[in-house]
Amino acid sequence: MSVKTLTINGKTVTGLAGTSLFNTAWEAGIRIPRLCHIGGLSDIGACRLCLVEIEGRPRLHPACMTEVEEGMVVRTESERLHAHRKLIVELLFAEGNHVCAVCVSNGHCELQDLATSLGIDHVRVAYQHPRRPVDASHARFTLDLNRCVFCRRCMRVCDEVEGAHTLDVAGRGAELRLIADLGQSWGTAESCTSCGKCVQVCPTGALFAKGSAVGEMTKNRAFLQYIVTAREKHEWIRK
Amino acid sequence: MTQPPPSGRAPPATKDNRQKLFERAMSRQAYAGHALIEVLHTAQELFGHLTPELLREVALKLKLPPSRVLGVATFYNFFSLQPKAEHTAVVCLGTACYVAGAPQLVQALERRRCACAAADADKEAGPARLSVQSARCIGSCGLAPAVVLDGRILPRVSAAQLERELDKIGITA
Amino acid sequence: MSEAPSREAPGREAPMATVWLGGCSGCHMSFMDLDERLLALAERVELGASPLSDFKDFPPADITLVEGAVANEDNLEVLRRVRARSKVLIAFGDCAVTGNVTAMRNLFAVEDVLDRAYRQSATVIAGLPLGGDGVVPRLLPRVRPIHEVVQVDHFLQGCPPDADRIFDLVLALLEGRTPEIARRFG
Amino acid sequence: MTPEDLNERAAAERARQQGFRERLHCCTAAGCLSCGAEELKRDLTAQVEARALSQQVEVQGTGCLGLCSRGPLVRRASDGAVFHELTPSEAGLLLQPGDAAAEAALAAKRLDTAHPFFAHQQRIVLENAGRVDPERLESYLAADGYSALARAVSELSRQEVLAELRASGLRGRGGAGYPTGVKWELVAKQPGTTKYIVCNADEGDPGAFMDRSVLEGDPHRVLEGMAIAGYAVGANQGYLYVRGEYALAIQRLQGAIRQAEREGLLGPRVLDSAFRFRVDIRIGAGAFVCGEETALIASIEGGRGEPRPRPPYPPEKGLWGQPTLINNVETFANIAPIIRHGGAWFAAIGTERSKGTKVFAVAGKTAHTGLVEVPMGTPLRTIVYEMAGGIADGGRVKAIQTGGPSGGCIPERLLDLPVDYESLVGAGSMMGSGGLIVMDEASCMVDVARYFMEFCRDESCGKCVPCRAGTVQMHQLLERFCAGQAGEHDLALLKELGTLLREASLCGLGQTAPNPVLSVLRYFPEELDQRLHHDAEAAAAAAATEPA
């Protein structure tokens, strides 16, 4: 496979053809903000946080879904990108009901981390306070849609890794919601194997293990890389 | 909306042969998963709305995850998971109709709908008498403002005319 | 924002205020957690209006910490007056910054919230506290963070913000430095 | 059917038509149908039979005659006269040629076809409207139908067809105006044998009904264009994705496909050649975003109509991951004439960079509303004032809106702009699919912007954050403006959100959603200003006491 040489933030980096800008940057120690992307799952380019500037192209491109090309000149940080990322995170905070003070993921939340790293100190857009349900019908897990940011990691891991496809999204636009099977309560969804992968990949406190108190829910994402490595490289022993 | 797309080929549906017609429609699509939208169109045409049982059957026959079937069924405006009202009025809210006064027509219809609902409040639960919907553009901009009442286009309609039409079908104030 | 009074002489204590709107007073408790630093602070500021002090009309202040969200008509009126008489106004704690727990009632209609609190859960006398006597302020349709109503100069997050950060912020303002607020959103 | 058979069938049909003393074409497009065109046609046919004139007079349905506001319309083929708002008894007068009294009685119902509304039109896409019976294949054949396809498959190589297209300078009629020839070549040069042709007939812009009129009035023309495309790029399967709302169009297309397959114009051996081409209809289910090509693909595949990031573009990776050519109805409707008359003929019409004609659906406050097809380069002023007759009650034009929710408004003073892709984009609007709404002085531009933002909010698929959450916020801000409760910081936020949506949204819907607002900011800033509350805090306090 051919190797492409490109420049990211002034640094010369190389990546195999077919690799995404996001992963190439990551390998080179360059961190790009992201929410919907998670290593080991397909990409959807939905959160728009990993948008980067590519010289000679008028549009911004999602790093997770843009393949490296020879001679590309990429910038992952700029005033414009920072402003966009900030506003996107503010929109997410305003869109759901993110009450960190009473959230199981307080302090271990990717949304919170993004806000902190982007220097957000308040949300300029109007809080929507939508009425969204909490589904506690599952024996081991709870789905609190108030905290959902629609990154769709859960439905992808359920489909692509577990193979159950219990979860999907229904409705559209601001009425989007996460559903299990035919929209019944999660606990009665026949297809669910209760594997808990969805909980581990969820960036916020939308999916959590029952019995967690405020700030207690930490997620373990290492399993995903482990499964992918096992499947693709046949390495079952963790190095 | 005007009537959902006609499958064209199907003979008239009766209560007894609906299931058969539905099965035939799926078979004509070779039970292919990518025919999901066509199959949902047919299901709604035959049964009026998409019940959980129907969605379950579609998922089973087309070999699709149920959550995906529901995800698709709820994405499109055309599909309804609720029983239809006895009468349907669709107000076109396309730009031409909007500037020609469609919002007033919506108000007039809503008044009637509320009056009916209030009158029926103590009756047994059944489908609503009138459903008021809006369409993004029915493509009859030359006839603005337009309302589609039970599948029939009322061109350049005023609120007063609309109310007379409602009187005719028994949706009285 | 109206002109705040200039300090009459150097070395004089800066007028400071704290305000308690729709919140649990936890941020004020955290302020009390300054412990012995309260004494250090007392040498540099004069606490005018505050839930901890007695005052009639809100005296002008150089620094005002506002705890809580804007939940009722009284909050709204107080906040606007406070803004007009404060040089630097700080959203003090998560309720002021985001609405936080106070704003969780926004998921419901005001009537339903009142009904639940004063009728369904009543143990002694069931009834709404709305006599129109002006004693109990009317709830606003929605609880809002304070920056949606007035201009805010600094945001101090936390539920509650810990004492160290409160102290650092106030100290920086007193010393005329741009405060560096350790950020932790939500 | 061989190409020779095709010629014979066409000649026979023309001879049959000439056998009639008179042919009356009743417009049976949706507009006229809703004014009783079907009844009128039935009645007229009965009158012909009652008077034993069946051998002399033919009554047939036909596609949109254009002036929808005056339906039902009937066209008399012998002299091309068009009559409006006819009652059955008045229509009966059409059966009395040479009767001076009848002619005098009809005079009041006769449209002035020399009126600029008709006279300034140049019809390519709509050339058959009012002439061809959409339900009879023969009728289309008599109008040179399928002769372009016959020429392509029997006389031209794929390369030659592509060369004609490129020479024509045709650009996509659905939106941004990508050169059609270039797109076709992109698909043609992709390796592999499985490729698809998709016709985007999901016309969703509120205020646009050009495609509907073509589909209802001349369905075979679209099929012919798709088949030629299939031949040129090497695709054997086509999909026609039609709006579910267009029941009549669907019905006519289904009929047209059946006829064409039966006659060997589509199917395993197109016109007796080795070229195989099938067209299937996919019926949309009510989602504006499906007009975006990647969303449309997702929908044809049976999924939620959500777009995905491009690249890869559909010519490389489209339907089921295969190279896919997507054009809209009007684009396909231009193909047959280009192959019939040659690319150079087409390129001679229009402007330097925008060739051919454009169909506009003129609606709003004008005296005449309906469909007009004008050469590219026609000044907007000509369309609005001369053709559409200006504002109905003599009022003044304030602005026009083109491009629907993705476009913008153009103020009266800029109406001298010629119709072409670059001019409209330069003016902050876009060609879009061709809706043209005329607004008078009474129209509030902020309200119009709010209306379009509401549209985008409701039609956002919800996949990407800027569009899903941003349209909600922008709409609320515009509501605040309309209510007089917006302050300076609301204006700043509105602009910032607009920039975010334009630059960061995943697909065209979100990227262009701010356009109507931005064009108001550009041309009618005073209207926003008037609604600005200059005491920001008082505005905020007022907003706080009102239910959100």
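Note that the chains are named A, B, C and D in the order they appear, and that numbering of residues resets to 1 at the start of each chain.
Heads up, the rule we're going with is that a contact is a pair of C-beta atoms (placed from the backbone, for glycine too) under 8 Å apart; a residue touches a chain by one contact, two chains touch by 3 or more.
Small disclaimer: the values here were computed from a predicted structure and weren't measured.
Pairs A-C and B-D differ in how many C-beta pairs touch across them, and the larger number is found at B-D.
With each centre defined as the average position of its C-alpha atoms, the distance from subunit A to subunit B rounds to 37 Å. If each chain is reduced to the centroid of its CA atoms, subunit B and subunit D end up 25 Å from each other.
If you average the CA atoms of subunit A and of subunit D, the two centres end up 40 Å from each other. With touch defined as above, residues shared between interfaces to two or more other chains in subunit A number as follows: 124, 126, 169, 171-172. In subunit C, the residues touching two or more other chains are 142, 144, 148.
Counting partner chains per residue, subunit D shows two or more touched chains at residues 287, 304, 458-459, 461, 548.
By the definition given earlier, chain contacts exist for A-B, A-C, A-D, B-D, C-D. Interface residues of subunit C, counted against subunit A in their complex, comprise 91, 94, 97-101, 103-104, 106-108, 142, 144-145, 147-148, 152, 154-155, 157, 159, 181, 183-186.
Touching subunit D in their complex are the following residues of subunit B: 1-6, 8, 32-38, 40-41, 68, 71-72, 75-79, 93-96, 98-100, 135-144, 146, 152-155. In the complex of the two chains, the subunit A residues touching subunit B come out as 155, 159, 165-172, 179-183, 191. Those residues of subunit A lying in contact with subunit D across their complex are 44-48, 51, 59-62, 65, 80, 83-84, 87-88, 91-92, 94-95, 124-126, 128, 149-150, 169, 171-176.
Residue ranges of subunit C in contact with subunit D, taken from their complex: 70, 73, 76, 80, 83, 140-142, 144, 148-151.
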